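Shared between the two complexes below is chain A, which pairs with chain B and chain C, respectively.
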Partner chain A sequence: MNGGRALSEPVPSANSELFRLPEAAVGILLILPAILLLLSLTLYPVLYGVWISFFNKHSFFPQQTFIGFDNYISLLRDPEFWASVWRGTVYALSTIVLQIILGVAAALLLNEVFPGRNILRGIVIFPYVVPTVVAVIVWKWLLNSQFGLVNYLIEKAGLVDQPISFMGKDWIMVSLIIVSVWQFFPFVVIGVLARLQTIPDELYDAAKVDGGNAWQRFVYVTLPQLKSVLFVIVLLRSIWMFTKFDTPWLMIQGGGAETYIRTLPIYTYMRTFAYYEAGLGSAMAVVMFLALAGAAVLYFRIWRREENL
Partner chain B sequence: MNRSSGLLSPRGQVLMFAALALLAFTAFPFAWMASTALKPSHEIFVTPPTLWPTHVTLDNLSRLFAETRFLTYFRNSLTVSFATVGLTLLVSVPAAYGLTRFRFHGRETVAGLILFTYMFAPIMIIIPFYVAMRFLGLANTHLGLILAYTAFCLPFSLWLLRTFFQSIPLEIEEAARIDGSRLQAVIHVVLPLALPGVVATSTFTFILAWNDYIFARVLLSADEMKTLPVGIADLYNASVVDWGMIMAAGVLVIAPVAAVFVFIQRFLVAGWGSGGVKG
Partner chain C sequence: MHMSRMVALATALTVGIAAPALAQDKLVRVWHTETEPQTIKAFNDLARRFEAKNPGIKIEAEGLAWTDLEGKIMASLAAGSPPELSHGQPITCTALQSKGLLNPLDEVMKAIGEDNIWEQVKRVCNVGGKQFGLVHAAGTSLLIYRKDMADKAGLKPPKTWNDFLANAKALTQSTKGDGKIDIYGITLPGDNLFINILMGELIKSNGGALFDKNNKPLFTDQKMIEVLEFWRELVKYAPPGWEGDGYLQTFQNLYGQKAAMMFQGYGRGAGLIEKFAPKEKANDKTFDVWSKPVGPSGKEPGVQVDEEPWMLFKDAKHQKEAIEFLKFFYQDDNYLEYVSTVPIHLFPITKSLRASPKYQNLEMIQRWKGWIEVQQGYLDKDQGKPTLVVDWSDMTEKPYLLEVLGSGIVRDMVMDVVLEKWEPKRAADKAQRRLEDLLRSKGYLKG
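Up next is the complex of A and B:
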């Protein structure tokens, strides 16, 4: 690439001193700033979060009293906590399944040859790189109960007699799932498409000689090749969908049905920044992390067993 | 793939139909946003809705600039995003180089630790992070936000840059070192070769900082400090929704992302292949 630009840059001479240090010391010096940043801004907050989960701590004021496991015990007795876990699970599982199906289908399509394919490849990724707030307001406008285009179209098509209240209590979870799938399925497309491009054509030719139809070729040739990339995609998407905060949070703003999509991350945020219970909020974050880590370990075990068969 | 896909064959027709459906699903919401942004207020609410505005107007834009702090939010977002990219590169380029070119005790542990921190979602660290930032007096500052984004981007940036540095043959670097110092070899030979990685890392970092909602929501309280995602969310919540103005804001927010994205799309494939941005 643009090699000429770097050539014109001045070379600081003071740094030559640095390079007379032993090899290992130079290496450590180079990564030290990164390590310090990670330790102070990621690892320290995580450990500090575990620490304050054992305290009755206000979110703004410094007072704190040690209460042992009381936060955890009150959580387990809080019906709203369990309800939020349930809502979060419904949200995460349905969006993950739909993202995978839609993402794999779109990737298979984008791996074929047709006019405009490269442009479409670029466009498909776009919902994933726009701010969540834009994704949410666009869909709130499309799904608006009075003036929304979707309601106009389904009414005109004779599917419904009166407009659907997409932000009402019966539909808000469905609306949230639609927005989330739209926003995040491109991630699946990118990963799967990259893998599809590396599958050798000979595998398909062999399957054709054996008389396999398109579906059989997909199941017996494509799917086994996609297994490892899907393993990683499902893992990452699960972590990110179970902990998703901004999409559901922005969806509930300005509507009366917020309790119907109050997932665990939303409830954690509310406990901390609306009820000012930083200790309890931290306990919820710890529970969330432990549950995810446990699920991830289990997932790896099952995967390894499958591999051995 | 060289399977038959002529436009007139049944197979070709199915492909084109599926492609159009995919195009409509992903692109139409953006087109509708842009169309609404260009409509005068009365046309936004007519039945049947007009796909293309019959009277194109920039009223919504001028209202956005005149009646809201949109330009302040925009400037804040630019400052924070570019500062995040700068700081992330400053920290992660030397670190990634160090991880690939020097042998030292615990090098693999460091690499593993980096991947481990990748597992922490914002909601899990935001509470202690907020408490710590208040303690340090960095709540409601852009510096606090920049530090948060840098820390959040760092694991992925390191991971991405590391794969790029690994792909540069040591022989090239050693040949360059015969003629000059190591630093010169890095600046004149290694960095230009790793440029696609640096561009990809910058893009991911910029997009993450530009798009983030939760850190900005929690850390910033003063209206004049807010970045775009928080500013727009608050505009939406403020009163009766002015759809034309909100859609105009949406168009302007995604414009820089679209520009960056179109410009460097070919660099992105590499980044996505190795893990993708969080989200």
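Up next is the complex of A and C:
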């Protein structure tokens, strides 16, 4: 007698029954190494950053002293901290608004059918794929007060008498916004264009039948359809533009009125790597995170209220 | 698997991993700040010749911009893997030595011959009689001016700041006759490093100091106020938006004929002028140097000496090999090849090379002799000091100067006066408070 088992089947031993894990457990064990790696590379540095924000810690040497909330009190009292928050807000809001306007306009245009549309789509995406270092270096040359193409063209057109110093105190924030909008509006184009292509034509046909002109069709058909994708785009772009470090940092390398584009990420870097105050730098990063998280929660709440109306 | 097979596999694996390590060359990593292509090439050629004479040693050289260097050094120290050798600002050398992170280079000094090295150079990063930094080459900052324009306007070399302002005003001109200024009297860089360099020069030239013996900042002193007042007047003759100009842009302004004087020029400007200025103007008859003027409270000019020392890191792996490389570097023929890549800027630190006919007869030195003589004069009279160093004792007694440089407080103070139009006293008070907080937080200032 073999208990109904085929002769070719292996006879299970008493031991293998004991060691058979549930399938769910096997699945967890298999993905556990990847999760642990991910957590160690993301969660651990974040938690460590929060930890050292309660210490007076040199950025490069091991000495550290526990000081409680002193770093937070110190930065809330620092006028330069508030000035950098203000500059960062101006930069982020300006670039987001312009990216959205330019991105939606470009997406609307690229949604139409015309000869060369595909080539134009490729050209429009180009700024987004250019590495930031390359983009900033090229733009700094374009905006150079002595040799730059932009000054040459605007002087030739008679728009200005003297070249504009685009890296000087009066224009450097504008220059930074121009470069950032140019580089990141394609992100908006991609998202909006994808959504535009899923809007049923019947909605536009119905609007035409009701006598709606182009502007009315945009406001009453297109925009409502874009709401959900714009929600995501605005959220992501806000977080990224407020925490942007590379573009403003590169703008001030080799000359640039640094003080006037010293946003919070730049100031955080300075306190950490120029003042060598890792504790204070971490406190600034924590404050930035909490502010952005709070803004995101508020944003979701407003969005949900809009959806429920 | 049989035990014997497992042993054989383990042995093979061990030998396979260890053998490449055993056969590996000793890698000496060298970071330097000379990024001009001809200097990088000369340095790399030198390194290859050293490797040919010393099999088993590999030199990995990297040229870094000034602005990148300090951050990279600090990051490598924090990671526990510094290079064997690196350039650094003299104040960086002092700061690192004070934390016990460097080993002395006395052995290299002995190989060169201590009497063969200029005294000024030996003062850089010399602590307790040991040389923790050995300058790779020294060049001073220069007041470069358009000699053709100055001669035409009948201008004399400025002895005081007031003379200098008058010259700057006279050289701010509309050359096309349309009333629009197209040449400005002065070009100045607006970035943090150069603002700090200029601050060091001006306070020295005005007989002042930045910190007292107890590390208290002296920013509200009358001599500092005079410096800020001079700066406020000086920028009136600089191109609009000068604060956005970097160091290289100021050279462009000079040879591009947008500005007639450059307060913080350096010897390497001669090479840039020869490369980029109009051919008929690319000489020292058009671009000459004046001695720097003195402030109302000063007696003699103060200039910055661009003299990064080599530093040998305590935690580096191949220190003996690094020392041998430096000895090779300073041998006259090798050293000449290096300094002759930018001869008006890279002054050799050895008397033997500087006196040698091979060096003196370099074509570029012959063409720009006036530039060399002014620099030599500053060095001979001990008027040249490193960035933010006012007195040589600062090198050992003020290890926080690197943090002062990085903090941007000096730059912010200057910008508050010259751009935001604050009264100098108000800007100085703010900088004083910020510096006191900084030094107190680091433990350098008590009370």
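We take it that the second predicted complex is superposed on the first by the 284 of 309 C-alpha atoms of A that agree within 3 Å, B and C clash if a C-alpha of one lies under 4 Å from a C-alpha of the other, contacts with A are read in each partner's own complex, and residues count from 1 in each chain.
Please note the rule applied: a residue touches a chain if its C-beta (ideal position, glycine included) is under 8 Å from a C-beta of that chain, and two chains touch if they have at least 3 such contacts.
Only a predicted model underlies this, so the values are computations on that prediction, with no experimental measurement involved.
Visitor: Could you look at A:133 and tell me whether it touches chain B, chain C, both or neither (first, second, both, neither)?
Guide: In the superposition, A:133 contacts chain B only.
Visitor: Based on the superposed arrangement, let me know which partner A:194 touches: chain B (first), chain C (second), both, or neither?
Guide: So A:194 only meets chain B here.
Visitor: Applying the document's definition of touch, where does A:209 land relative to chain B and chain C: first, second, both, or neither?
Guide: neither
Visitor: Have a look at where A:172 lands relative to chain B and chain C in the superposition and call it first, second, both or neither.
Guide: second
Visitor: Quick one: is A:161 in contact with chain B, with chain C, with both, or with neither? Answer first, second, both or neither.
Guide: second
Visitor: Count the residues of chain A touched by chain B and by chain C, then name the partner with the higher count.
Guide: More residues of chain A are touched by B.
Visitor: Is A:273 touching the first partner chain B, the second partner chain C, both, or neither of them?
Guide: A:273 contacts both chain B and chain C.
Visitor: Should A:147 be classified as contacting the first partner (chain B), the second (chain C), both, or neither?
Guide: Both chain B and chain C are touched by A:147.
Visitor: Counting contacts the way the document defines them, which residues of chain A are shared by the two interfaces, the one with chain B and the one with chain C?
Guide: In the superposed arrangement, which is not itself an observed complex, chain A uses residues 59-60, 147, 253-254, 273 for both chain B and chain C.
Visitor: Show me the residue ranges of chain A that touch chain C in the complex, using the header's touch definition.
Guide: 56, 59-61, 144-147, 161-162, 164-172, 252-259, 270, 273-277
Visitor: Using the touch definition from the top, list the residues of chain A that touch chain B in their complex.
Guide: Result: residues 1-3, 5-7, 9, 11-12, 15-16, 19, 23-24, 26-31, 33-35, 37-38, 40-46, 48-49, 52, 59-60, 106, 109, 111-117, 120, 122-134, 137-139, 141-142, 147, 149, 152, 156, 182, 184, 186-187, 190-191, 194, 201, 236, 239-240, 243, 245-246, 249-250, 253-254, 265, 268-269, 272-273, 278, 281-282, 285, 288-289, 292-293, 296 of chain A touch chain B.
Visitor: Over in the complex, which chain B residues touch chain A? Could you list them?
Guide: Result: residues 1-3, 5, 7, 12, 15-16, 18-19, 22-23, 25-27, 29-30, 32-33, 36, 44-45, 47-49, 90-92, 94-95, 97-99, 101-105, 107, 110, 113-114, 117, 119-132, 134, 147-148, 150-152, 154-155, 158, 181-184, 187-188, 191-192, 195-196, 207, 210-211, 213-214, 218, 228-229, 232-233, 236-237, 241, 243, 246-247, 250, 253-254, 257-258, 261-262, 265, 268-269, 272-273, 275-276, 278-279 of chain B touch chain A.
Visitor: Going by the contact rule at the top, pick out the chain C residues touching chain A in the complex.
Guide: Residues 67, 71, 74-75, 77-78, 99, 180, 189-192, 239-249, 252-253, 256, 258, 403, 406-408, 411-412, 415, 419, 438, 441.
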